[in-house]
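Presented sequentially are two complexes of subunit A, the first with subunit B as partner and the second with subunit C.
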Partner chain A sequence: MNEAHFAKIRGIAADLFQMGREQITAETSPAQIPAWDSVQHLNLILSVEQEFGLQFEPEEIDQVRSIGRLAALVTQKVGNSR
Partner chain B sequence: MPIVVRPYSEEHVPAVRDFNRRLRAGGAPREFSFPESPVPRWLPRGEGRKVYNEFFLALEDGVVRGTYAVKTQEFSVAGEVRSIGFYHHPYSEGIVDRAYSAVGVLLLRDALRRQPELFALGMGGYDRPLPQMLMAMKWAHFLVPFYFQVIHPGRFLRRMQGLRTTAFRRWMMDLGAFSGAGWLGIHAAQAWRRLSRGSRRRGVCVESVASFGDWADELWRECQPHYSMVAVRDAGTLNVLFPPQNAKFLRLRIRHGSRTMGWAVVAERREENHPQYGDLRVGVILDCLARPEDAPPVMAETAAALAARGVDLITSNQSHARWCRALEQAGFFAGPSNFIFAAPKILADRLQPFDQKKLTMHFTRADGDGLYQYL
Partner chain C sequence: MQRLHHVGFVVTSIAEVAVQFAESLSAAWDGRIIHDPLQMARVSFFQPATSGEPLIELVEPDGEDSPVKKFLQKGGGLHHLCFEVDSLEEQLNKCRAQRDLVVRPPTPAVAFGGRLIAWVFTKHKLLVEYLQAPKTC
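Now for the complex of A and B:
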């Protein structure tokens, strides 16, 4: 997982779930955030896709079970360069 | 184990049963139950059939985590006939377990990959998760107007559970029913609409038919160019949607002299203790077709035919502006609608400018999954 990717995604998640950045860790998952329902999951995916200029396949969306997994997936798709 | 989406087959039935059980145990609404058979009861796929349902499952190591269905049907979009999917019954384990909140997105993306030209219809209002997801994905959307006409005001006032929600309202409605003031008020308002806008036409007659024949094909060919988006309503398709052996549907052919002006399919819905309608006899105008200029007499004759059958209330959802006006001319009032049409960009782009084209799209209760309950 690229730290820069994680930092950006942490910012997106903090805005979306209206939490402090420091409260979002790589392990943060829907189970810990009551507001993280299916609609917010989509909003998170769409925001990350827009930020990084990519599109997740349905199979990849299932892998997004924590912020760290999402950051790792972004790193895998865009490489370490961005 | 990753979640994969696969067509529903016989081997998955026990897993679907378990999925339904988990949703119920988790407090999901009662209607959130996916069919426990891979062969749809409604519109199964058959050889040469152009209207059919298909079921899909999101599976995690053989465990069902989500479901959806797509009804494929031919539509005329800007004059071109295309196969388009209606996305329905998307249920996700995420409803009861947030660990699966990704499943709703996964289902929708999978459906769009299989059939990019999809639409959604109904959905119960903008506060529900599916419309909220579609809005987030910037689907074009609008509310399909809802109309009603009260035939028996006394029964309506005493039994319309959806309005009798407080002690004061119940008292007022009972007062209106027993004093006759409600009867007078409702009849006067509806009659004023009919008289001031006059939609019944001399020489127009209505007949009940057993099935759709060549006359329906001819009418379809006449009507198709008048609608920006409309499901193919030729005789073959209509006889699949409204099977001649199904006596719950009343098929009405409306004629002026020897010319077929249009048709309508109506049905009666009667349940004990329905949360909205109580035990009222509700006549529903499920579907209809005519050239837009013939909509007023077609709606007027259809409403009159339903009233003659003794229903207490008539309801209809219509998207086309001319059909909406026709209902108003026939004495109907607009009510709050929770019936949403939504389409992704790829489909909405064929209907530009969407804000204008949506007024000439023809969507009714029959275009979603509204016919399922009349099996």
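Now for the complex of A and C:
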């Protein structure tokens, strides 16, 4: 996992779910955060798209079950250089 | 062509609130509650007193994994707008071009006789359902 990507996404998630960054790990998932409902999931995806300048396919949105998975997907789409 | 088809509103139990809900809005309810397993929800439609006005849809989760379950736990309520469009494909291309989020690829909806629907989360954070209009010969 690209640490820079993870750090940015962790920051986005912390702001969105109103939590401390230290509370967000790669394993953090909707099961652990009551505020992470279907609408907030889309807010998260939209924010990450805007941050990294990419677009997710519907199938990819469904695959995001954790912050770590989201970060890995971003790295897969943008590569490690960005 | 794009026409507002209905407004979606999430509740705990359609059966428990439908009659009162209809009365409060002077709307007509035909008593049908439709289960859509692909959407993991049950839905029901209410016709406003003035004909031709957009419908009101009540939505309830069909289980713990339903996408509206957590939304309901936060209070439920106004959830989405649904627009009927002549071409769902063209509409989704337009959405992608303007950087809206296409959440699900088109799927057939039980409530609309199998017509395709797709979900879009706009960049202004509005959840929109698009419904393919019936094909005219």
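By our rule, the second predicted complex is superposed on the first by the 82 of 82 C-alpha atoms of A that agree within 3 Å, B and C clash if a C-alpha of one lies under 4 Å from a C-alpha of the other, contacts with A are read in each partner's own complex, and residues count from 1 in each chain.
We adopt the following convention: contacts are C-beta pairs under 8 Å (C-beta built on N, C-alpha and C of every residue); 3 or more make two chains touch, one makes a residue touch a chain.
Computed from a predicted model, the values in this text were never measured in an experiment.
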Combined model on subunit A: subunit C and subunit B, fit or clash: clash
Which of subunit B and subunit C A:58 touches, first, second, both or neither: both
Contacts of A:11 with subunit B and subunit C, given as first, second, both or neither: neither
Touched partner set for A:29, first subunit B, second subunit C, both or neither: first
First, second, both or neither for A:38, with subunit B first and subunit C second: both
Contacts of A:46 with subunit B and subunit C, given as first, second, both or neither: both
Clash-bearing segment of subunit B relative to subunit C, given 186-194, 204-212 or 276-284: 276-284
Subunit C-contacting residues of subunit A that also contact subunit B: 30, 34, 36-39, 42-43, 45-46, 56-59, 61-62
Subunit B residues touching subunit A - in the complex, by the definition given at the top: 2-5, 92, 94-95, 98-99, 101-106, 108-110, 113, 129, 132-133, 136-137
In the complex with subunit C, residue positions of subunit A that touch it: 30, 34-39, 42-43, 45-46, 49-50, 55-59, 61-62
Touch list for subunit A against partner subunit B, complex: 29-31, 34, 36-43, 45-46, 56-59, 61-65
Complex interface listing, subunit C residues touching subunit A: 67-71, 73-74, 96, 99, 101-105, 121, 123, 125, 127
